Structure formats: C-alpha cells, structure tokens
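Structure incoming, see below.
Note that the chains take the letters A, B, C, D and E in the order they are written out, and that residue 1 is the start of every chain.
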Amino acid sequence: MENTFEPKIVAYVCNWCTYAGADLTGTSRIKYAANVRIVRFPCTGRIDYNLLLKALALGADGIIVSGCHPNDCHYTSGNFHARRRWIVFKQMMEYMGYDMRRVKFSWVSAAEGAKWADIVNTTVREIRELGPAQRIQNEEFRMMNSEG
Amino acid sequence: MKSITHDNLLKLLAGLADEGKIVYAPVRKGQKVFFAPVQNMQPVVFDYIQTTESPKLVLFPRYEPLISFEYQGKEVKVDDPSAAAPAERVLFGSRPCDAMALKRLAEFFDRDIPDALIAGRQKALTVISMSCIKADADCFCTSTGSSPGDICGSDILLTPVENNGYAAEILTGKGASIADRCSSLFSEIPEIRKEQYLAKVEKAFSHEEVRKKLSHAFDHDIWNGASLRCIGCGACAFVCPMCSCFDIQEEGTAKKGSRVRCWDSCGFSLFTLHTSGHNPRHNQSERWRQRVMHKFSYQPEAAELTGCVGCGRCSRACPSDMNLKEQLQDIAANVETV
Amino acid sequence: MQALHQKVKELLESGKVQVVIGYGEGSGGKSRPVFIRSAADAAKLVWDDRCHQNLAVYINKPEIKKMGKAAIVAHPAAVRTIVQMIAEHQLSSGAIIVLAVENDTLEELTDNSSLEVYAQSHPVLFPPFVVKEIEDIAALSAAERFEFWQNELEKCFKCYACRAACPLCYCERCIVECNQPQWVSVPSHAQGNFEWHMNRAMHLAGRCVSCGSCTIACPAGIPIGLLTIEASRIARTEFGFEPGISCDASSAMSSFRNEDKETFIQ
Amino acid sequence: MPSNNIYNPYLMRIEKITDEAPGVKTFRLKFTNDAEREQFNFKAGQFGEYSVFGEGESTFCIASSPMRKEYVECTFRQAGRVTSALARREEGDVIGFRGPYGNIFPLEEWKGKNLLFIAGGIALPPMRCVIWNALDLRDWFKDITVVYGARSVADLVYKYELDEWGKRSDMRLTTTVDPGGENPQWTGKVGFVPKVLEELAPASSNTIAIVCGPPVMIKFTFPVLEKLGFTPETMYTTLENRMKCGVGKCGRCNVGPVYVCKDGPVFSYGELKKLPAEY
Amino acid sequence: MYTAKHAMLYKHKVHDAEAYVFYMDIRAGGKGYDEFVRRAIEEDSVNYIRGRVSRVYERNGKLIVHGADTLLGAQQVEIEADMVVLATAGISNPGSEELAQKLHISYDKYRFFSEAHPKLRPVETNTGGIFLAGACQSPKDIPDTVSQASAAASKVLALFSRDELTREPVIAVVNRTAPPLFSTCAGCFMCETACPYHAIEREEIKTRDGKVIRSVARVNPGLCQGCGTCVAFCKSKSIDLQGYSNEQVYAEVLELLS
C-alpha cells in the first residue's frame, strides 16, 4: 500500500550555524523533503523544552533541534547549556514513555548544507515509517470528561 | 420497604450501563478510591469510608468547555455545548453527605443567574447513594446537617444490612423509575430500623453556633494561629464536594479552540490578584479564613447554604494536617459570643 | 526527643531564636507541623517515624519570617533542602538554626560548612517501597511506561499540592501561572497534566533532594516523586551532580562540561 | 445572552477604536445580531465581560450611556494577556461580550439632588457612563460637578469629552494632574485629587458623591468627603475586584457575603463599611 | 622567525661558529620577514637544512644531530654540535583557560582566546567590554602585538568617547511587575551562572526608606549579546528575549502548526 502520510516536522534551529547551513543547502541546490517548518532562534540555548512539548501537543509528528557544533557557538556556550537540557529532557520524556525517535537533535554548522539535507531526509523517512505521532489524547482521558 | 442483594445490585448497575447511561462508581486506583465511569461492575469497590475525589465531578467536572469557537476570516463562529442534551448519568456509591453536597452544589449554581450546563447535568443525573456503616475521625457530617443515613439529595439510598444485602429507600421519581423498571431485582421486606446498621458520628460542633460566632470573628486571632501550617495548595478545595470556585481559560490554537471552565481554589495566592498587583487576600491566613468563612458564614448568610457537608475529605487530603473539623470546634469553643 | 525538647527550650529561653519549626502531634495519629514560640511549649515537639514532611517549606513563609529568627527541626532530606536553598540564594547563611535529627541523634547546625558536612554524611535513603517502584518502572517497556504514567497522571486534578509541599518550588509566580504564552495548559486533562509534571521534573532536575514531600502531599496518591527523583538521577549520572550538599551557587542545569555525553546528537 | 448558556457571549463588531492615552483605548462595539441589539438593555454602573476568542475574557464597565442604545463602549488599559490581545484588534474585528452584569447606580433615588463625581485615572470610564446618563436626564438633578485627576496630562482619558464638559454651562468640571504631570499648555489644576477636593470644598448637603479611582485615591478621598459633611450613605464607589464569570459563581470577587460581580460593583460607603476589607 | 633571529644573534656574538637550522617550512610572513631570513642565510651564513632530525645523541662530549637533507635527495647529515636548541611552538599560558572562563570569553582548542570575528572584529571578544591584544589570542610578534594593542585601545576609547552605547536590540530583559512583587524573578540567580557574558546582575528592590525587599536579577543591556540561554533557563519565565520573546516564538509555532 502506498504510504501517503506526510509528517509535519518542526525544526528549531540556531541562527548562526544550522539556519545558515540550511541556507547553504538551498544555495547549493540540494533538494530535501518539504515537510520541515523551520523556526529560527538566536541560539540553541534559547530553545525552551516547553516549545518541544507544545509542538508535539499542537500536532507536530517530529521535531528537529539543531545548532552549532560544540565550541562553535556564536555565544560561546549556549549549545553546551542546550545540550544539558536535551540530555535531561530526552531521558525524562523516555521515562514517561514517550517515543523520542521523533525528536532529533543534531549539530549542523554553516558549512554543512549537505548534512542538513541528510538529517531532514532521514528524519522524514523515519517518521513516515513511525506514522502519525502518538498524541497525548485528551479524548482518551478515560475519566469524567471522556464522554465529551 | 425494598431490599436488594449484592449480586442484584451489580446486575442493576450493569443493566443501567447497558441502557447507555453512564454509570459512575467508586473504583480503586492505586491506594485511593475514585469515582469513574464503569462499563462492567467488576472493578467497583465497596470497602471505602470516603472516596478521595468527591462525586461533584458528575455535576461540575474538573474541566469542561463553556463554548467553542472558530475564526472564519474576520468572523467568529461560536458553538454552545449546552445546546446538546447532557448524557444520562447514574452516580453510584456516593455517601449521604455527598448526595447532600450535590444537591447544594446544584442549588448554588442555580441561584440568581442559573448555570444551564450544571442544571442540565443535574436533571440527567440519578444518585444511588450508600449509607455509611463505617466512619473515621475526620467525618463530621452530623455537625453540618447531614448524617450517615441522610436521604437528602439521593434518589435511592441503600443501607447495607445482613446477608450481603441492602435496604433500599426509593426517594424520588427518578429513583422510582429505576426501581420500577428493574423491579425483579428488588424484593419487599418489612420496615427496618436502619439506624442500627449505621456508623456513629459524634456531633463535633453546631454549625448554627459556628455561623453565629463567625459573623463577628473576622478579625479574630484564631485565623493567624491555625493557618500557619497551611502551605496554600489546593488539595482541600479540589477534593471538596462543595467547593465551586472555578477559573475560565482558553484552549486551542490561534484559529480554533474552546473556552474552558476548570476548578480553582480560593487558597491559591493568585486567585484574587488584581492586574495592578493589589491582592485583597495577600496572606495565607486571609485565604484560609476566606475558605472557612465562605463555607460557614458568608454563604449561609447570603443563601442559607452551608458550604460544607462534613465529609472530611479536606482533612484527609491535607499534606500539613489542617483539620477543618478541629478548626471549627476551636471556633465553637474559643470565639466569644457577643 | 528529650534532647530535642531541651535544646529547643534553651534556644527559646536564651532568645537565640523566636520560633522553632518542628513536628507536633496531629489529628488522627498523624504528625503535623508546629511552630513553637515559648520554651514552655517545647515539650509539644515530637520526632518519630511519622515525621516525613519537609518543614523547610515554611522557612520563607511571610507569616513565619515575621516572628523573628527561626530554628527548624530537619531530617536529612530537609538539611539538604536547606543547603540547596542557600545555594539558590533563597536563604542567607546563618539565617536559620537547623536542628538536624535522624533516629536518636540531634545536631545543631548554624553555619554553611557544618550544614554541608552534615548533608554529605547523611544520605537520603528511600524507603523500600520507593526503591521497588523505581525498579518496577525501570523494568517496563517504553509503551508500558507511557501507559503507566498516563494512568497515574489521569488522577491528577492539578491542586498543585506537589508544588506547595516542595520547599524548592519557591517561585512567586509559577510557570503554570504564566499566561503569555500559556506554557502549561490549565485544565487537568492528559495534555495539561503531562505538561505540568514534565515541567516540574525539568525544573527540579539536579535540584530535587528526593525528600518525598510531593508524593506524600499528593491527595490523589500519584507517585509523582518518582519523576523528580528520576530527573535528579539523570543529573547525577550524566553530570555527576548531587544537589543539597554544597552551599555554593552552582547547578546542574546552569553549568556544563565540555565532555557532556552527546551520543544521541547527530 | 444568545442562548441560555450564561457563558456564551454576544458577538460584537468593533466599530471604532479611539486612542485615549498611552496604552488606553476605547472600543465602540456593535452587536452583529440586530435582534440581540434590540433587546439589549443596561443601566449605569453595570459591566461586561469582553473577550478575545483564544485569549480569554476581561472585565470592564460599560462606559457609554444607557440612553444611547445603538452601541456599547468600553475603555481599557493594556495590561495583561486579554487587554493586550484586545489592543491588537482592529476596526471590523469581532470580539465577545457578556453582560450586562452587576447592580446599578440608583439614579432614581438621587432625583432632586446634587451630584459630585470624583474620578482618578483610568477610573473615569465607569463614571462616564453615569455622568452621561445624568446629563441625558439633566432635569432630574440640581448641580452636577465632576472632579477628575490623572497622573499626567497624557494620562487623561476622554480628552475630547472633557473639553465638551468644560464648555457646558449645566455642569462644573475640574481637572487636575499629579504634581510633575503638567505641561506648559495645562490650564487645569495641579495636585492629587483628595487635596484638590479639599480646596474645592463642595457642599455636602443634598449631595451624592460618587468616587472612583485607584484604591489609594479612594482611601484618601473618603475621609476628605466625611470632613466635608458627607455621610457614608451619600458616598458611592464601584469596586473592581478580579472577576472571571461575572455571574456570582466563580468565587473570585467574593467579599464577605457578597459577590462583587453580582451584588456590586456599586456600593455606598456605608455598605462597604459593613464588609470585611478584602477588596 | 625567531629561530632566524636566534641564529643570527648567535653568529654576531660568536663569529667563527657554525649555526645549523633544520626546518621543514619557514614561516616568515610579514613585511621584511623573508628578507630577514634570507639575510641570516646569505649574509650571516646560517646553514638552513630542509629536513627532519631523526636522532640526537652524545658522543665524546658533543651532541651528534643526525638528520636528512631533503633538498639533496635525502642525503644523510650528521652534525657535531655543542648545543642543540629546540624551536618549539608558541603555546598559550597555562592559566588562560581559567581566565577565559572567569571572563566568560570564548577560546579555541589550543586555549588561545577567540576574537569575535576574524576579519571584522579582530580585537573584540564576544563578551562586551573585553578586548584582546597580543599572544593571548595567538602567537604574535611585537609589531602585530603593538598594532593589535593600539586597535584594542582605540576600540576602548571609541567606547568611552560616546555618552551612550549603541546595542543590537535583541537583548534579554527581566520583567518588572506591579508592586508588591516588582518582578516575578525568584532570585535564584541560576541565570547568572548560565550567562556566557556575565550580563546578569543583582538588583535590590528597596522600599522608599531604603529597606531591601528582595533581590532580583537584572540584565545589563551593555553586556547582553542576546543568546537567550537565560530565557530558556528561567523557571518562572521572568526573563524574556526581545525580538525572540516567548510570546512571539509561541505565536510562530502556533501559526506553523495550525
């Protein structure tokens, strides 16, 4: 059967590395899946884990979070702080049973246009296989309000 | 007088669920007992003194949409959920105090400007209560106008008697319609004195007396002492069958969503905070006083509606052992009568 | 207990403190927090295995601060909490006299270094059932864990007793009260509850001293303490960070090491 | 309401937006449904719940006169989530409105008396409704005096109406700004409202004083009025407690036995004195 | 370069001595530098041998340097030397890492301090108000050091010559709310340690009579570079980044997914 599921993927990227890298992907005419909606931040350090939660709640099937390689941060250490946050966030989400294959973290520098395309394409392919996200369905809430 | 055996009671409930009614019954979740909709009666429990969460959620759910909306260009389309007829619900296993609380809660929402959502649910609700044969130290229903076998608010009141059976009092038309439809499950027994089976709950104070004393106790020292250990969580209000404070919030995306009513508590510091930064009830002692005064003085003064039925849930739920019964006894004993 | 009464009597009589935050006899065989203000009431204090609540939650309560200098009866977890509060600038050093109690021992701790020494030498031990719960959850598959937490959190009606009972949840305006934007959905539905508990865990990562007060406080009986315990476990294993043993301001989440593990990052 | 669901708002179209002062706007709202407009009635002192769908509801009084039935006006200062969202609306947008709620200024009872209005800052809007109402029923009353103060000249709201009121011969208007808030063109007084009031010393006999303003202004104004001979029963104010439902259910505005939204917001000083000071 | 200088000085002092320099590449970039090396070779007869040294050992009180001359077809060379000087690379000061962390400036993997931009901002660091000059940034000779120092000094003077500082508008701000709270900041100062630029300061909120009510964070707008790490870190959401505010970013996500 043909797989017609087109996942909605949100990418939270930093301005200096990955956003520039994604730009390079375009100027290098490398094609990649059109499922990604990019949100630009000054730095990965700015990316609040709540934005990841909200994106999942609002219907994203996958998330890519990407920034500068360690030591390359435009702001010295924003990505190191971000990395700590991701480590805890990822493991906490897994502890609560969430399928973290849907959330990709990566370092893509301004020179890695091809890597960006690759990450997007792999993510889209993997999430297409996983199918739509297991949303924490309020309808499934089997108590009082399940009746609507 | 009618009676029903345990097995037949389960059959009765299962039958109601099969009819398409939503049957709420006490079920165990972890260590605690909650009311939840049940399809089959297997998980229903009977050996509890009081459920953790009160059955107020059948009238006044934890959250419910008040309206839903969708932007269509510059226009907005609003849908009113009260237009749909509420589902028929049966509440089983509420205690007499709970049944009274539901009745008072419905009255509260109905006064002055009636709340159609709550009234609609009240109309479609049948309450099958269970008298208390056990009570604990936190129970004080007899001090607030209820009692372990009180009939107020119930459509059918069951009292456990010998031989795994229940004496059934059919109290209202709604109760009678169920009893009539399932008459084969009931049997006739001679009148019994149900008091002999009921738990004994000593009267701890008189709510009339407390009400009188509270009317001039606003500035009394008693509030400062008692509220010191209150940490300002909302546990008491959220388990209370009569606490009716709520918040209105928006849910959804930028284009479509709903306006939702959710439970709230007067014990939260931000409950009364003005945008200007002014907070009429700035300290926890003021908020604790508000909770007690509201239930035992303000509401009785304004609407002859005592805001407490003595179920004792708040005392059981409180993480820092604020004991409402003790506080009221304290008021009855230590606040001077003018 | 006698030593505790004696100590408290001394402290109040000498005027060194004006109030002692401790445990007293509560209703129905429970213990409850009490605030002893006169030496004559010192005997009202109790200390036994019913005394679980983390009393550090009262230290900064305005009504209690107004009473003057305080001493506090603290079990090992509460001592750690106090150390962590000092590290997070919620308490200045020497502002409170800590009466550290464990089993039959009583120590008076007044300065940062003695608090640190005590905290480091008195680990917080989980009761066996908590250890078992932790192990049980670890043994579950991802899907089972999802089911487990969905079932548990469905009981949550967002009374925020967990927040109120936690001495390290001291923000005057919690993230749930922030509505521009509304980070945490207010209704207590699955999404709202998930967001709230996730936020609580993330906020306490590397800060939770595992006192268990939140679990005790939860009226719905959700083992919510497991979430913050897990968050702190992650901080411990990943960053080697143990909260509540150093009064110096540093935290697992606001610091970093170059060699933090990043195997999951592409 | 459009249905018997008390939380279901009327849909109102923003017909006109007026910038009053920094962060302060006035909306003129029109019912999108003619039948609803026909049957809509309110009285001076009442308020409504104005809502931006997706952002929430906010409480302000109805600032227009009940005698002008074709529209409803409200004035608000941008402060929280809802007022910020309202401020972003444009003319032609649709917002929600629930109301009218609350009690009223007893204008009928005040027939034949002098009226003294004292307002501070953003508290003129609740007063504007009753001032216009009184001016529309001008022959009911004797002297009408308005004392209005704001922090600075820029913060005065309804500037165009203040001019109009100042020119009218059948009322007396005194405007004042706090010291330091004046500008070279300012012709009004300089000083805090209670002090200006003391200087004006309006006669208290057969006069009703209606005070509206920030809590601190009210706190200092009532004693001045008492000194001038006003009795608690002749002094009125409107309370502005935090509200959500507007219909006496949600519990926020509960002060003693009253719900400000349902039993208020208009209270005489005499009534207020009987309530616990939790407003 | 410095090897040429050492060899030349040596030849000037000890006229009849021989100086050998084993090299692979001569790095003598800069005005007159190549001429300087040529002078050492040609005028002062320093023997430059292109090739690596394979062995140094002692024999009869002399140091025998065994190497190859790759320009002569990898011919084996053996030199009896009285002294062998190892011309090592310039490395950073051992304390530079600690200093950089203290100053919250970035540094490279060799612990040399990084400039904000190699071409456009060569003497500035990413941290406002901290400038670089000399070998802390990379090994440097005197003219480069002097010119960089002059540049740094003029940057500082340019900074001081203005009454007001011009900044990018993207900076973090700690909220201020109505009294009695004044700010929702809880004063945990975790942002202080997280900030790469030391831009978080403590501000005491005082009553009119000078009593401190509470201590809250404040962002120094002159130092903040707008990375937003503090924003994501703040538990009570009391800091926001102008231009990338919580509300703006959330609205963006909301719009993307609705």
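Descriptive notes on the structure:
Note that a contact is a pair of C-beta atoms (placed from the backbone, for glycine too) under 8 Å apart; a residue touches a chain by one contact, two chains touch by 3 or more.
Just so we're clear, the structure is a prediction, and the values are computed from it rather than from any experiment.
Taking the mean of C-alpha positions as each chain's centre, the chain lying farthest from the centre of chain E is B. Closest chain to the protein centre (all Cα atoms averaged), using per-chain Cα means: C.
With C-D and C-E as the two chain pairs, more C-beta contacts join C-E.
The distance from the centre of chain B to the centre of chain E, each centre being the mean of the chain's C-alpha atoms, comes to 68 Å. The centroid of the Cα atoms in chain D and the matching centroid in chain E are 63 Å apart. Our note on geometry: chain A versus chain C, Cα centroid distance of 34 Å, whole angstroms.
One finds 50 Å separating the Cα centroids of chain A and chain D.
Within chain E, contacts with two or more other chains are made by residues 181, 194, 233, 246, 250-251, 254, 257-258.
Shared contact sites, meaning residues of chain B that touch two or more other chains, fall at 34, 62-63, 247, 249-250, 253-255, 275-276, 278. Touching of two or more other chains is recorded for residues 49, 54, 58, 71, 77, 81, 85, 142-143, 145 of chain A.
Per the touch definition, chain D reaches chain B in the complex via residues 2-9, 11, 51, 53-57, 79-80, 83, 92-94, 96, 214-215, 240-242, 244-245, 247-258, 262, 276, 278-279.
The part of chain D that touches chain C in the complex is made up of residues 56, 80-81, 84. Of all residues in chain C, those touching chain D in their complex are 179-180.
In the complex of the two chains, the chain E residues touching chain A come out as 104-106, 108-109, 126-127, 170, 194, 196-197, 225-229, 231-233, 241, 244, 246, 249-250, 252-254, 256-258. If you check the complex, the residues on chain C that touch chain A are 137, 140, 142-150, 154, 175, 183, 185, 189-191, 194-195, 197-199, 201-202, 205-206, 227, 230-231, 234-235, 238-239, 252-258, 260-262, 264-266.
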